[in-house]
């Protein structure tokens, strides 16, 4: 058998190739920097502008009337927690449920329809989601409420959670499912106890992504939670929220409020970073069992 | 599929046939030497022995190699095992031819006498058995091999008759004792060659039918060859 | 103790394509039966019909009679129940990745509602012993994840998991294909010991393995069972020419 042998002399790479190599590596590094730069800049700017107004009073007091110095956004922080909590309680189970359906049973036209709907919902502007929630909840109830705010945010969470859950579940190898079937485990039990459990860390990531997105949403809360100058833990009452408060203060004509808005923005960013990091830490420590 | 393996099997087959040719030729030469009292032929037989021994080593080595490296199964496995056994029998046939040649050389110094034994007829029968057993191997036909098994009885009877008549001759005419003994030994050598031919035939049947018919064991009806032939 | 398996007129389809045609076979209790044949001959499909796993594939169905012991598994019994009597080990080791070794072995029991702690400990130990894995993992069984073991160990873990529910029959679909020779050897040794308690059906494309491990062998081709006999007969003097051509490597 005749073979044509390529010239396999091991010459060192030509200058041109080495140059191109360095150029491309450099370009990639530059791209990373360009992406991180705005993030870093935002953070640095927020710190610069907000750190001055950040003090204990800010974190524990409610807003003071206009003209008076001092006061804080404690109620807004608490309100955000309440509203995000409600949103998660509604959005996470629904999103995971839909994701499970799509992954395990949705290889058909209905499944495709659901997927399409989720993608569309994902793209709906947040203000419109807020208006929908206004129509569905606020008008029914006759008043603004944290529940309405939570519902609006839930609507925004669901598509992301659904799609990531579906994708993570599909990543679980067929062999794992078959092992469970082979042991005589029923299909639903397999899905919940085995497949979902295997995909846990991926699903958590999806939830975190959705959470981080809605944590800072302002528009949906404008006509639903509405805002509140005082403490409120009743979910059927208008409630303050950090993004809302920042918005209100930022467009006001008062310098004092502007300063507090900066501080509020800083707090918001810190809260988001802390919560996402906490979940990441817990996941990596294996506290949330997931596939390696 | 498995062309190298098939080539190996074909090669093995050819070598065995070549060796069979050498062994057959040695027996024929030795018998001719006896009939014509030809010393030149005897020497040819003696010289030919080393070739037969070398061929035996060669074939065993190749068969071993195929077994180790190719994991043969079923009919291929039986074939290789049969080849190793036939190999050994052919080498013994060569040895017997040498023994006959040595007897002839011994008798060359002695005066020719008339003996009541028909060595040429026995030699012809034995030669035919050897040829037929090798043919059954070439053709892979169990019926040909079966025929060889039946001829063995004939040759055994010939040897027994030779024994009786030669012993009688030795008693009646003591002066021919040495020639008689030599003839008796040649008869025995020929009978041994016939036994080896029988063994070869049994090995062919084992290969073709997967049935072990040695020492008169019962035969199995299953035959792959027969299925092959009906297609 | 193992039970015999009797298959009558088994047919199986993937949608419109027929994968198994009128399979009739009787497999002896407490023996190992090997199923061999070229790719696509239906051997995996056949074995998966024995524990009704075949029907988990969309558009797949099977008809016929399969008696595991005295139960015809196609007589209307829920598939899930059928599979609890029959253990299966797959080609690629598939321990549950989120569970420890202990939990993996106990999975079959726990997921079906059995929670007696003390008994579970005993059963897990017994199963790991039977799978020749106990010595290697006894100290770390509750801490180490099932997926952290080597390939051969993972497969033995899957065997232990299958044994823990005390099936009557153990089905093995090319269990050693993904393993190195030493692990393969260990598992073959294991099969010898397991035969005393279970009936084993093993699919293999490695004929030497079939001849080492199984007393009986069935040769499948294009969805039909061509020949079924004692392993030594199949490998020294098969009755059907197609069988012989396959095992001597003349095709497939």
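As written, the chains take the letters A, B and C, and residue 1 is the first residue of each chain.
What we mean here is this: a contact is a pair of C-beta atoms (placed from the backbone, for glycine too) under 8 Å apart; a residue touches a chain by one contact, two chains touch by 3 or more.
Quick caveat: nothing in here was measured; it's all calculated off a predicted structure.
The minimum number of touch steps linking chain A to chain B comes to 2.
Every chain gets a centre from its CA atoms, and the centre nearest the mean of all protein CA atoms is that of C. Most remote chain with respect to chain B, judged by CA-atom centres, is A. For this pair, chain A with chain B, the centres built from the Cα atoms lie 91 Å apart. Remark: chain A and chain C have CA centroids separated by 46 Å (rounded to whole angstrom).
In whole angstrom, the spacing between the mean C-alpha positions of chain B and chain C is 52. The set of chain C residues touching two or more other chains is empty.
Looking at the complex, you find that chain C touches chain A at residues 51, 53, 56, 58, 80-85, 87-88, 90, 92, 94-98, 107-108, 111-112, 145, 147, 158, 161-162, 165. Against chain C, in their complex, chain B makes its touches with residues 1-2, 5, 71-78, 210, 220, 222, 224, 227-228, 231. In the complex of the two chains, the chain A residues touching chain C come out as 107, 173, 175-176, 178-186, 189, 193-194, 197-198, 200, 289-292.
Contact residues of chain C toward chain B in the complex are 207-208, 235-241, 244, 247-251.
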